[in-house]
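Take a look at the structures listed below.
Both complexes shown next keep subunit A, but they swap its partner, so subunit B is in the first and subunit C is in the second.
Up next is the complex of A and B:
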């Protein structure tokens, strides 16, 4: 279930620490669009500004991913593990072989990991589905040309879509980090 | 909802003696985990009663310890060994003091 019980110098074995991490990451993700919304609401997705939420999202995914695998799409460590055998026998780039050897490979999920993961994904899916319905209802109001929102209607929908993307990409990881009881420190 | 929450809701909390048996045999969580084919974290959750094992895992554990499955797992809390072997109850011990 957990790749590591440490993040930098912080122990992630106690659930309290993991919850602090989840709150901090989500606050960081929310801060940028929120600041933008309060200062220049119509400029969120202009120029390269739209990249900032995406970058924050990838950072969050990797911060969470240092502790728990994402499972939402193919994970790098699994891919590296799959090609490891081929790369190690290669004589053309021994330095790369050494680096690949050092990548910790995720253990196969056991029955508890699978049970927890299924349960968490099911709960996350319900949340994401409910939010999608609300979002669709919002589009009927805010993207309606007969309503007086103008450009702001589109901006509101853009802001409202961001949490959906964040939830779809990181919510299961965050819920595992949030829910799992304290881990045994030593093996 | 976590598996433990589901177990609590179904009233199906299982008690076990894995921690005692592991300590008796001087095994680490990792060694026991490797022997029965789970992650060491799962052994910790089992010991704390945070997770109820599948029937297959319960049998693998009982085979590993070479004990009947009902000696390791129970739906009722286990009595302390002192009480089970010598008949000492906590109340009697408190009286003696």
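Up next is the complex of A and C:
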């Protein structure tokens, strides 16, 4: 389930530390639309729109992902290992490369890990489902053909889509980090 | 997981093939309805999204798919009065949907795991489309285009959010053993 119990120099074995981390990361993510709302509220996503999923995927892969894999997409990690003890990929001798194997860093999840993971996804799905249904209802209120709120209706919906993206990219990992009990420290 | 002897319009859904046909037919129908709603040729006839959601929730989640397999996202308790336990002034009820056992929980959670991945991928793609369309230099950019685009992207997601896990269970489970 867990890749590591350390993030930088901080131990993530205690659940409290992991919860502090989750809160800190979400506060940092929330600062993005907040800063935009305070500066150019109607230009959310205009210039940095493509960056939003990238940043969130980066968080999922490199921040939360340093501790627990992102199961939403294939996040297996490998390390190069040479059967002869040499770990340099040869350009001139392709046959030699065949002897270099990729060894998965993440161990195969056992039955408990799979049960925990799927259970977390069950809960996360309920959250994302409820939010997306509510958001769609809000969309039809704010963005109906009469456009009662004009550009501001659309701006509100765009801001409201942001948490949905955050949930889609990071919620299951955050829930695992939040829920799992204290872990034994790494040797 | 499955209700006993599931049937839709007299057709047995014990066979996995029939269930898959049902899933395909339902989504084909919903695709047509969504396309029509986004295009909105009927004006105000089907414009009420609340009615449409009610149709999806009660018709598909709890009706069509729900007649075969229980929906867990927004569970609705289905009780019947047990005549054997009926007392004066009381209506003791029996829950038609007992708590899932370990195997059912495993199947359910796995279906939700797959469903979440599909929804997450759909959301990221929708978001990227929205970012492109919302740019002022996009050829067809207008407030109305963006609004319709958001509507057209969020509506299928909301429908999938209500129906996809059930559809996955219906699709994946093997033929049921019937008497």
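Here is the rule we go by: the second predicted complex is superposed on the first by the 145 of 187 C-alpha atoms of A that agree within 3 Å, B and C clash if a C-alpha of one lies under 4 Å from a C-alpha of the other, contacts with A are read in each partner's own complex, and residues count from 1 in each chain.
Note that in this section a residue touches a chain if its C-beta (ideal position, glycine included) is under 8 Å from a C-beta of that chain, and two chains touch if they have at least 3 such contacts.
In this text the structure is predicted, and so the values were computed from the model without any measurement.
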Q. Put the two structures on top of each other at subunit A: do subunit B and subunit C fit, or clash?
A. fit
Q.
Per the contact definition in the header, classify A:107: touching subunit B only (first), subunit C only (second), both, or neither.
A. first
Q) Should A:2 be classified as contacting the first partner (subunit B), the second (subunit C), both, or neither? A) first
Q: Give one of first, second, both or neither to describe whether A:136 is in contact with subunit B, with subunit C, with both, or with none.
A: second
**Q.** First (subunit B), second (subunit C), both or neither touched by A:115
**A.** both
Q. Looking at the overlay, does A:151 come into contact with subunit B only (first), subunit C only (second), both, or neither?
A. second
**Q.** Apex subunit A: angle to the C-alpha centres of subunit B and subunit C, given in degrees as a multiple of 10
**A.** 90
Q: Using the superposition on chain A described above, determine whether A:184 touches subunit B (first), subunit C (second), both, or neither.
A: first
Q) Should A:66 be classified as contacting the first partner (subunit B), the second (subunit C), both, or neither? A) neither
Q.
If you tally the residues of subunit A touched by each partner, is the higher count for subunit B or for subunit C?
A. C
Q: Using only C-alpha atoms, work out how near subunit B sits to subunit C after the chain A superposition, in angstrom.
A: 10
(Q) Per the definitions at the top, what is the overlap between the subunit A residues touching subunit B and those touching subunit C? (A) 115, 119
Q.
Help me check something: in the complex, which residues belonging to subunit C touch subunit A?
A. 40, 49-50, 53, 72-74, 105-106, 108-110, 112-113, 115-117, 119-121, 123-124, 127-128, 130-131, 134-136, 143-144, 146-147, 150-151, 154-155, 157-158, 161-162, 165
Q | Residues of subunit A touching subunit B in the complex | A | 1-2, 107, 110-113, 115-116, 119, 123, 179-181, 183-184, 186-187
Q | Residue numbers on subunit A that touch subunit C, as the complex places them | A | 45-46, 49-50, 52-53, 71-73, 115, 117-119, 121-122, 124-126, 128-130, 132-133, 135-137, 139-140, 143, 145, 147, 150-151, 153-154, 157-158, 161, 164-165, 168-169, 172
Q | subunit B to subunit A touching residues, read off their complex | A | 1-4, 6, 28-30, 33, 37-45, 47-48, 50-51, 53-54, 56-57
